[in-house]
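Right, I'll just put the structure down here and ask away after.
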Amino acid sequence: MNSASDDLLAGELRGGEHRLRLRVYYEDTDFSGVVYHASFLRFMERGRTDYLRLLGIDHRALFEGGGAESAGLAFVVRTMTLEFLKPAYMDDVLEVVTRPREVGGASIWLDQMVGRGHTVLTTAQVRVACVEDGKAQRIPKTLRDALAADAAKARDL
Amino acid sequence: MNSASDDLLAGELRGGEHRLRLRVYYEDTDFSGVVYHASFLRFMERGRTDYLRLLGIDHRALFEGGGAESAGLAFVVRTMTLEFLKPAYMDDVLEVVTRPREVGGASIWLDQMVGRGHTVLTTAQVRVACVEDGKAQRIPKTLRDALAADAAKARDL
Amino acid sequence: MNSASDDLLAGELRGGEHRLRLRVYYEDTDFSGVVYHASFLRFMERGRTDYLRLLGIDHRALFEGGGAESAGLAFVVRTMTLEFLKPAYMDDVLEVVTRPREVGGASIWLDQMVGRGHTVLTTAQVRVACVEDGKAQRIPKTLRDALAADAAKARDL
Amino acid sequence: MNSASDDLLAGELRGGEHRLRLRVYYEDTDFSGVVYHASFLRFMERGRTDYLRLLGIDHRALFEGGGAESAGLAFVVRTMTLEFLKPAYMDDVLEVVTRPREVGGASIWLDQMVGRGHTVLTTAQVRVACVEDGKAQRIPKTLRDALAADAAKARDL
């Protein structure tokens, strides 16, 4: 049901890394005049979600469990190491870059960056786990293979 | 499992109206220096949720369906008329006042107000419906009776 | 500094109405499985902000006061009447439609709609005021003229 | 202007650590049924903000610059290492514990924990910097001394 223009919304995947452009709105900022720190985590989650979307994951279907391998699955962040280097501002167009670093049976290690033009604003190393009712579950094999292929490409950059 | 101090967190119910005090944090504000307009809806939802909590509703249990009368139920906002009269600021202590105005089989009409001291900042008339899978459902009778009693008290104020 | 692809992010303006497509992410949903009601206000604010952007408004510059006519100005919602007709879900691609209905000296009346495909999910009538330090200010004339022209076009639809 | 009951809202400070109780509402959860990961950062920011409040910091006044030592100052997160160990749910009463670990001229290192009863849900090591227009500034001396005293107490625990 995804049209071509819906896919544009999901960013682009090239050379083993995913890039998503997004705009800073009122909702993302705080009274000190800059983007609120937790908004960067929302931006990074959008990047991860769309990256997996372009690898074939429909998050709602995955959770609601249409298929045999994937009933009730969701992705959750287990660990995250963040550096907030420079502020972002209202109206900015930002880019979220997501690269898989390593893929295990039930976990994905990703490197993420939020930038504006050539300026790096925030970086993160993230471990995401695949869970069902809070318990670790194997990542669907087709997804694992696609992530591993991207991780190999990203290492070659 | 609710301790006395947990109940304090849920505000207080007196004379047919519910009052909840809350603090404005960074997350609630935007770059223009004031509380972001949609944050007032989050504050009002906290007020409604805690009001129903003090009338005996455990929202998670209601949704997950522990009992006979209430499997899968949730409350959703159907209509809302808002007036944003004055701004709120970082560090402010606000009070959310919630009064039931009328109770139907599947809907509750509420008047809500967010104030700071004696200053009214935002007012809302809200219709909340009880739904299951998006379809209107009868409000559990014990809750309906409690709301109707409060609505009668609030009319006498 | 806005490139062509940045402008794509801001939606499109045609026949006196603005359309912005956006995706539903984890952050927009709540535990009952649908999009949280206040998230629709965030979506509508994105629509209004990008509509004004395409009419030439740089919100940060407006607030920080680069020019003669516009020092310290911001747009704030004064009144809002909302109908939440149908739920939206994780992964949905939604469209926010914004049409100016009337333009006064210091206020704009807008009709907004959030839809999915041909389904209307939420509608709103919104009055937005131009303020400086919380006090009503005249809307910059070039913006007022552009809004009035769009309102005339939208009436002809 | 803070009344006694406003101070209750700000949590309590004892033995060099700050504890803030808060409730999980609809707004904090996502469609997978648990608290959204970035909501924990909002909770931790509430803890840090109220901790500094009890040490005498009025965040709005600090930013708007009432006094000689503090014009235009704000606190921003520079680095954060997070572990999300267990999920939180709708209706939960959580506790945010904040302990200063070390205090420098322009930075504060804090350990934070969000728990439910005796269960640790999320932990974080956070470095917060004092900035003005994005540039590091010395932390006001009275605050630095109070933090250092708490850090010494917390080490003795």
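Descriptive notes on the structure:
So that you can tell them apart, the chains are marked A, B, C and D in the order they are listed, and the count of residues begins at 1 in each.
We take it that a residue touches a chain if its C-beta (ideal position, glycine included) is under 8 Å from a C-beta of that chain, and two chains touch if they have at least 3 such contacts.
Note that this is a predicted model, so its numbers are computed, not measured.
When the contact pairs of B-C are matched by residue number across A-C, B-D or A-D, over half of them reappear in A-D.
Inter-chain spacing, taken between the CA centroids of subunit A and subunit C, is 27 Å. Subunit A and subunit B have Cα centroids lying 34 Å from one another.
Taken residue by residue, subunit D touches two or more other chains at 26-27, 31-32, 34, 38, 42, 45, 60, 63, 89-90, whereas all remaining positions touch fewer. If each chain is drawn as a node and touching chains are joined, the picture has every node linked to every other.
Residues of subunit B touching subunit C in their complex: 31-32, 34, 37-38, 41-42, 45, 60, 63, 74, 76-84, 86-87, 134. Against subunit A, the residues of subunit C that register as touching in their complex are 2, 5-6, 9-10, 21-23, 25-27, 42, 45-46, 49-50, 53, 58-60, 63, 89-91, 93.
Interface residues of subunit D, counted against subunit C in their complex, comprise 26-27, 29-34, 36, 38, 89-90.
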